[in-house]
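What follows is subunit A paired twice: with subunit B in the first complex and subunit C in the second.
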Partner chain A sequence: MTPWRRVGAWVSGLRVRLVLAFAMLGVTTTVAVAGGSYFQARNVILQQAQDAAVMSLTDQLTKLYPIAQLPPTQDDLQLLAQRLSDRESFAVVVYRDMRAQGASEFTDPLTPELRQKVRDGRIAWQRVSLAGQPALLIGTQLALDRPDGTSRPSGVEVYSVRNLVPEQQSIDQLATRAWLTGGLSLVLAVLLALLSARGVLRPVRDLGRAARRLGEGDLSTRLTVRGADELADVARTFNHTAGTLERQVGELRRLESDARRFVADVSHELRTPLAAMTAVTDVLDEEAEHLPGDAGRAARLVSQETQNLTQLVNDLIEISRFDSGTARLALDDVDVAAAVTATLRIRGWLDRVRTELPPGVVARLDPRRLDVIVANLVGNAFRHGAEPVSVRLSADPDWVTIEVADRGPGLAPEVLPHVFDRLYKADTARTRSEGSGLGLAISWENARLHRHGERRGSLVAGNGTHGGAVFTLRLPRETADTGGAR
Partner chain B sequence: MTGRRTGRALFASGLLLTLLAAGCGVRPSAVITGRPPISGPAQGTWVYLLAQGELVLVLRPVNADPSPAAALSLLAAGPQENERAQGFTSEVPAGLDPVTVTAGADRSGDLTVRTNIAAQALSAHAADQIICTTVAAAAQVSAANTATTVTIVGSDGARGPRACPIR
Partner chain C sequence: MSQVLLIEDHQTVRDGLQLALTRQGHTVHAVGTGEQGLERLRTTPSDVVVLDLMLPGMDGFEVCRRIRQLGDLPIIMLTARNDDMDVVAGLEAGADDYVVKPVQARVLEARIRAVLRRTGGDSRRGGDRAGLEQHGALTIDRAALVVSKDGTPVSLAPTELRLLLELSHTPGQVLSRQQLLEAVWEHGYLGDSRLVDACVQRVRAKIEADSSAPVYIQTVRGFGYRFGPL
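And now, the complex of A and B:
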């Protein structure tokens, strides 16, 4: 699993999804509630401030009537502007080209669109930003009543510029509270999500761990069933499945070990009568030459078959040792080239085999088992393959590799997977072979018996590039005797 | 799939936050209009002068005679010192006075201004000054309103009737 995939798995994991969903829910609700009330409160605050300012200006202006002088002088305008200015606001009074203004640093705060609306004969107001601060502009004309109830504009326009900073501050306070509420609810949502994720995830994690243990072979794994929800159901089903599996596997193991013990017992029981028979056939062999015709052939046949039977029984006993885990390595530091040469010489094959045995390869292994493997592989090559048979030794710091190759027809694809099966006959027509049918199985077990840490000996069958079967034996150079561990 | 869903969720929450942040504080607004402007009584005689080619209302202190004829006399006298200083002019000739204003015979209340100068020779501004000042003064004493028309009758005949262009 690459780091990215792990991050992806974590992001799409149940915990993150739950937390995200809860956070989204919390944020959405908070935004809707806090945001909505914030906007409403803000509008109410602004509305009230505006209405109050307009009212106050109207009240002040009403007191100016009746107007006795028109056109006003600049001094009149200035006086009016100062009268209308206070701490929170200042006034701008305009009459045609004349203009007077209360004390302020802003030279021209009025917007053209506001002036247009005022000139059109309406009280108008507008929120603007003056030097970064919010301000409210209110404007009106001073009109003159006529006796018939209509009014005429006098040409005097009065504007009040009111600072909205206090309102801004209250609104900012509202916003701060809204943000705080949102943040708190987010934290709360995440906490809740984590809690509920824990509640859901713990059983799931337990289940995963138990399934892994079961997969690794611990069939006694059981889950503690908590509660009565769906996850508890899953746990119950898991326990039931594990129980059934354990029972069945136990049954199978018992049957298998029974069968193995039976084979081992039978082999041992056969040994004693076979020893007697071998003794008899030895005598028969000596006498066979003197026996006439059929009797002689029969005597030789009995002798031959007794030998085969002895071999088979010995192989069965060997195999049953592997199966019962009692096979032990007798380790020694071995010069591999010398050991292989000895194996070939003892069996008289040294002249028929092409060897490629670099000297000086020393490995710690069981020389008897190496002898069994090499003899079996070379013997098979002669029996089933075709000459020339070659044995090649190579080595690196970790491994010793021995390749036994022949130039025969090689191994058929359908045979390859079964080469190391017990009593497997490649040629079904040939019901009687010279061997016991256990040789390669024993060699394979012997190879596997050599192990060092993670490295484990192996025997692999294949076909060479130029045809012919190639058996490759790989043994770790250092072997620790771990007993019959399989 | 999950990545896309997560992306969408992030996008949506980002949009929400942006909206929330954008709506914060006091934002500038468009112009909001309310009721008609503040209005109140005026003290004095309404006289229409000219400033930069427009009719402009000025108030003169109340005199004893509130009649339209008296107001027209004030108009014929031209702008006062302070008014002239502010750029106010008048195109009404001083020879307008003496003048008489009579209400029409019919019930409409339409007015007739009689003067000795040539009515046709008056400029359009001068005629409007006379009409508006007459109507404004007549409104103080009779039932003249914005629809009231004025006919100026001079030595060379009548001009009008016409209503005051300022409503």
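And now, the complex of A and C:
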């Protein structure tokens, strides 16, 4: 997998998708709720401030200054403006062209529209910014009391500029809280998403792991079924499938081992009559020379086939020992070159085989099994390949390698995967007398029986670069004692 | 020729082996059980016993031990191919050699001859060194084929004696199992090294003070066995 695809898989993974969905939901809800209440609260706060300001202004005006005479003097206006100014607000009082201001550091905040409204006798207000600070500007006209108790507009306009900084601070606090709530709910949403992802993903991961174990051949793998949801259903189905698989494989294995045991038993049963027959084959061979015609041929045939049958039964018994795991190594420290030479010499092949056997290669192995392998490989090379047959020995500190090659037609591609199969015959015309058909299977098992830790003997078939079959035997130089023999 | 006692329970195998060995010139007496075989040995001397390990009644291992108690008569076991443990147990019980059934008469015949040679006078390997050899407490008389320890003769079976003579012929020199198999058992090349190991164990039990810490026949790991150095 490329890094990009891995990232892609991660992004499109269930966990990330769940987290994103939860986060989105959390953020949307928070924005809606917190934002909504922020704006509402803000309006309420401003409204209240406004109302309070208007109220306090009119209060002050009615309480303090019923103006008795018109027109007022500039001093009257100035006094009024100063009386109306305090820490939170300052006042501007205007009468026609005269104006007085409670605090002088501010510029004139009055707009013509506002003034028009006030002149019309209404109470007007406007939010303005004074020197960067929010403020509320309220304007009204002073009423003039008449002696009959009614009042009429006096033409004196009073404007109060009220600082809104405390309200702004409240609103800012509100906004901060909204942000905080949003952030907290986002964190909460992510945590919840992770939690629920874990809840969903754990069974999924367990299922994946169990499926992998099952695939690796551990048929006893089962899942713990938790709850009653869809995932529990999947787990139940998995367990059922695994159970069925285990039963059926067990049944197959039992049948196979029964079949193998049967072959082993039959072979053992055959051995007793064969032992009697084998004991007298020498007698038959000697007498055959003196027997007339057909009788002599028949005697030779019986003798020959008895030996072949014995070979077959012995091979079957040998194979069944590998199958049942009772094959044991009889280890010895062997000079491999000498051993191979002896194998060839005993069978009269020494002059016919090209050997490359460097002396001094000592390995710990079972000499009888090495002999079986080498004799089988060289015998096959003569029988199915063509001369010259060569045997090459090489070694490194860990391995001993023996290569048996011939210059025949080599192994056909369709034959190659089957050369070590039992009773496999590439050439259908081959006769029984040429071997039991178990030779290479036994050699292969013999090679595999040699093992030392991770290193395990092997026998590999292939074709040489110049044609002809090449069998490569590789054995660990040290072989662990499997017990049995000492 | 030689007197062969054949103990084999299967009638046809027994008949076949008797027929073939008789044709080779041996006098074969064949019996079907271990008890009959032991009875026969008490009354009539034999040169070699061919003993099947799978016997009804008293099994081959027990028969083997009883024969060993009677004397140093060579024993060749008949074993089945699948019974590696049997081979080891049989060799520990005192058998000199073994063949795997089914066995051709000439193979068994060759083994019989080899084992008989060990008992006969021609087992005097290294006979040029006449006289007594003294190795520690061990006295080896190559002429008389007698081994004594502290003056007391040690009873060694022919194969055991041959092995000891072979090893003590070249004191201090390591002999591989295969060399010993060729020299003592005449197995050509492909002998079973367990024959050597089992025989060494038996000899050690008879001559060493402590078999687990041998002085005379020492194991040289990875190579073989060596007589001494004392």
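Following the convention adopted for this analysis, the second predicted complex is superposed on the first by the 307 of 486 C-alpha atoms of A that agree within 3 Å, B and C clash if a C-alpha of one lies under 4 Å from a C-alpha of the other, contacts with A are read in each partner's own complex, and residues count from 1 in each chain.
Keep in mind that, in the parts below, contacts are C-beta pairs under 8 Å (C-beta built on N, C-alpha and C of every residue); 3 or more make two chains touch, one makes a residue touch a chain.
No experiment lies behind these values; they were computed from the predicted model shown.
For A:L214, is the partner it touches subunit B (first), subunit C (second), both, or none of the two (neither)?
In the superposition, A:L214 contacts neither subunit B nor subunit C.
Under the stated touch criterion, which partner chain does A:T281 make contact with: subunit B (first), subunit C (second), both, or neither?
After superposing on A, A:T281 lies in contact with subunit C but is clear of subunit B.
Would you sort A:P134 into first (subunit B), second (subunit C), both or neither based on which partner it touches?
A:P134 contacts subunit B only, not subunit C.
Once the structures are superposed on A, label A:S320 by its partner contacts, choosing first (subunit B), second (subunit C), both or neither.
Touch status of A:S320: second partner only.
Comparing subunit B against subunit C, which has contacts with more of the residues in subunit A?
B
Examine A:R364 and indicate which partner it touches, taking first as subunit B and second as subunit C; both and neither are also allowed.
second
Pick one for A:A235: touches subunit B only (first), subunit C only (second), both, or neither.
Touch status of A:A235: no partner.
Of the partners subunit B and subunit C, which touch A:I373 in the superposed model: first, second, both, neither?
Once the two structures are laid over each other on A, A:I373 reaches no partner at all.
What is the contact status of A:L438 with respect to subunit B (first) and subunit C (second): first, second, both, or neither?
Neither partner.
A:R152 contacts which: subunit B (first), subunit C (second), both, neither?
first
Along subunit A, where are the residues that touch subunit C in the complex?
Contacts found on subunit A: 264, 268, 271-283, 286, 307, 310, 313-314, 317-318, 320-321, 326, 328, 330, 332-334, 339, 342-343, 345-346, 362, 364, 367-368, 371, 484-486.
For the complex, give me every residue of subunit B touching subunit A.
2-3, 6, 9, 12-13, 16, 20, 23-44, 46, 51, 56-59, 61, 82-83, 86-88, 136, 139-140, 143-146, 166-167
Going by the contact rule at the top, pick out the subunit C residues touching subunit A in the complex.
Going by the criterion above, the answer is residues 10, 12-13, 15-17, 19-20, 23, 80-82, 84-85, 88, 101-106, 176-178, 188-190, 192-194, 197, 222-224.
Within the complex, which stretch of subunit A touches subunit B?
Interface residues on subunit A, with respect to subunit B: 8, 11-12, 17, 20, 24, 27-28, 31, 35, 39, 42, 46, 50, 54, 58, 61-62, 64-71, 73, 96-98, 111, 113-114, 117-118, 121-129, 134, 140-148, 150-155, 164, 167-168, 171-172, 175.
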